[in-house]
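Presented sequentially are two complexes of chain A, the first with chain B as partner and the second with chain C.
And then the complex of A and B:
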């Protein structure tokens, strides 16, 4: 065995040792690294951007129009308690109380592509909270009824008569709202009673399809 | 951020282009490291050359350490990676068939194509054998199907089955790899040298 061959052998052996040491250090590093809780859902920056945007709000006029034109793409979710829901609710709404919004059964209502999910409560505060929770998980197609049922009552069921000095547009809006109120079961102005609001809308059959999880397919 | 394709950073239309590029690089590396020689490949069974074992073990260890570091740093979401589902008995039978073919023919499917590319006649015969095998498999598929579809355990991993922390598993796996390298080297020194 020549001298250079021996020398080379030593170098190669040392190289293997270094490589083995690198492997052990790297894999040991994985064990020793401090573990942290990974957050599920969207990034805080995206969340804040979504939060600031008023796009989530749907007006009562838009909702009334959708209900009257039997828009199949909307899914109303009442986030108030079950008792309030049974007392009065919008037509074809589903009741998911705010406290139950994270239950796995309800996930299919929120995490889907088929419907525009519209949250509502008495005002928009509880609905906004439900929206925040759902948005945090990265669910799309979720909206909030601006002003909630109070706004619904004040604008659609019992709209305020415009002043005589108001524009023609205001009167048109008022007439539309009155017509909508009639659709939702309120005849004349003074027969207003929230329990009498029984709209002539056929119950909607809700078919939920869960959003497909994004994963890599295939393999070799 | 990652994986890049499911998160839409690279559109899925690029799949074939990326696959082609990776394939070319993979083929080049296989050929350059002598994997188109059936003597080198068969050496792992006879104990005079453990390059196959070393390469695959190293690839697995480097990849798993890299992926877990990327996951730790938030560049890749491991839960979104594809895990091939386990069909237990199909895998066992397939492994035996594959192993037999490997030792008889001296190639695995990928390296045989590599060897075809540099014009080895035995590899061409091997390639024809693969096609015959595919034909037989397709013709008898209805007989094989219960085995093919049966005993599906879903996309499980060793970490799920053993219930240990993936980090500890990787550490132990690296140790096992290094021990395997050392032992294989000792075996190689004991076995009579074959020149090829």
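And then the complex of A and C:
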């Protein structure tokens, strides 16, 4: 073994040692890096934007229409207590009390893409909370029934009769809602708002304009 | 020998590149400013205990311990608000000034009371701050409105109170003869196919 070979071998070893030392120092530095908490779910900034958005709200008319047409993509979740749910709930609703919304069994209702999940409560306070918690953990396709059961009662089950000065559109809406109420089991819907004055709608005047009978062309 | 030298040089170059990459990574590392707490039960616990609500009557009895935060827009706040309240419009909750004010209240052990035109307006902000780790945040259960003379009227709010006893209402209003419609009351049995949850962005 020549002298130069030995010398070069020493140089190579030294280089390896220096490199190893630098890497060890760097890895030690990584340990010293400040610990930071990783975010779970969506970012706070995105959450704040979602919080202000009214897109989560579904109207009672839309829901009634979906239920009557038996829309299979609707999944109603009642976030009230089990007692309130058993006393009265919307057709085909599932009960998940608000405090149990993130339990692993219930998360399967949220962690899917096939259904429009609609939360509801008596008003929309607790349903909103359910929505916000679910949204925070990154679940999509979730909505809130605007006004909750109170709005359901006041607009669908027991709609207020429009005033005589209201537009025809309002009367049409009222009639649709009355028909919906019958669908949802309200038989005596006309007696509910008995105090309301029956509107004096002027009967439609139909003016017949005699059309001149066309002379039938005959022959060739 | 020559080959070994070349190999060492290559290793040295790749090691230097590796070290440089680590240095760039460390220098460009930014700690996220706003991070939600990992604890899933953080918003659930106060909801279960129902201790996130503060009533109108407590405004006088706990006056010195409260820090009132009006979440309405500034033009609504300017028309009139509760005495000693500060205004932080909900979308501005992450602004530097707002955070400083909230942190100052927390340091002074004040109960941060959020309010808007009604508790629904403070609901989201409460959940937001609770999950960011703020303790002692509550919602004022009252509604605010200005009368015709622009005077602020604060009234009690019935949170989630049903307008009717729905069960007895439904029992009372039975369908007329012959109009009974069968509505499915069977609980939906749904086969869920669990979708792979998308990785949410976050952290750095």
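Quick note on the criterion: the second predicted complex is superposed on the first by the 168 of 220 C-alpha atoms of A that agree within 3 Å, B and C clash if a C-alpha of one lies under 4 Å from a C-alpha of the other, contacts with A are read in each partner's own complex, and residues count from 1 in each chain.
One rule holds for everything that comes next: a contact is a pair of C-beta atoms (placed from the backbone, for glycine too) under 8 Å apart; a residue touches a chain by one contact, two chains touch by 3 or more.
Just so we're clear, the structure is a prediction, and the values are computed from it rather than from any experiment.
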**OP:** Answer with first, second, both or neither: which of chain B and chain C does A:115 touch in the superposed model?
**Re:** second
**OP:** Would you sort A:28 into first (chain B), second (chain C), both or neither based on which partner it touches?
**Re:** first
**OP:** Check whether chain B or chain C contacts more residues of chain A in the superposed model.
**Re:** C
Original post:
What is the contact status of A:162 with respect to chain B (first) and chain C (second): first, second, both, or neither?
Top reply: neither
Subject >> Common interface positions of chain A, toward chain B and toward chain C >> reply: 16, 23, 26, 30, 33
Original post:
So in the complex, which bits of chain A are touching chain B?
Top reply: 16, 20, 23-24, 26-28, 30-31, 33, 214-219
**OP:** Sort out for me which residues of chain C touch chain A in the complex.
**Re:** 1, 4-5, 8, 11-12, 15, 18-19, 22, 26, 29, 31-32, 34-38, 40-41, 43-44, 47-48, 90-91, 93-94, 119-120, 123-125, 127-128, 131-132, 159-164, 166-167, 169-170, 173-176, 179-181, 183-188, 190, 192-195, 197-198, 200-204
Subject >> chain B residues touching chain A - in the complex, by the definition given at the top >> reply: 3, 5-7, 61, 65, 68-69, 72, 80-82, 84, 165, 167-168, 170-171, 173-175, 177-178, 181
Original post:
Which of the residues in chain A end up touching chain C in this complex?
Top reply: 5, 8, 12, 15-16, 19, 22-23, 26, 29-30, 33-34, 36-45, 47-49, 51-52, 75, 87-88, 91-92, 94, 98-99, 101-102, 108-109, 111-115, 121-126, 128-129, 132-133, 136-138, 148-150, 153-154, 157, 182-189, 192
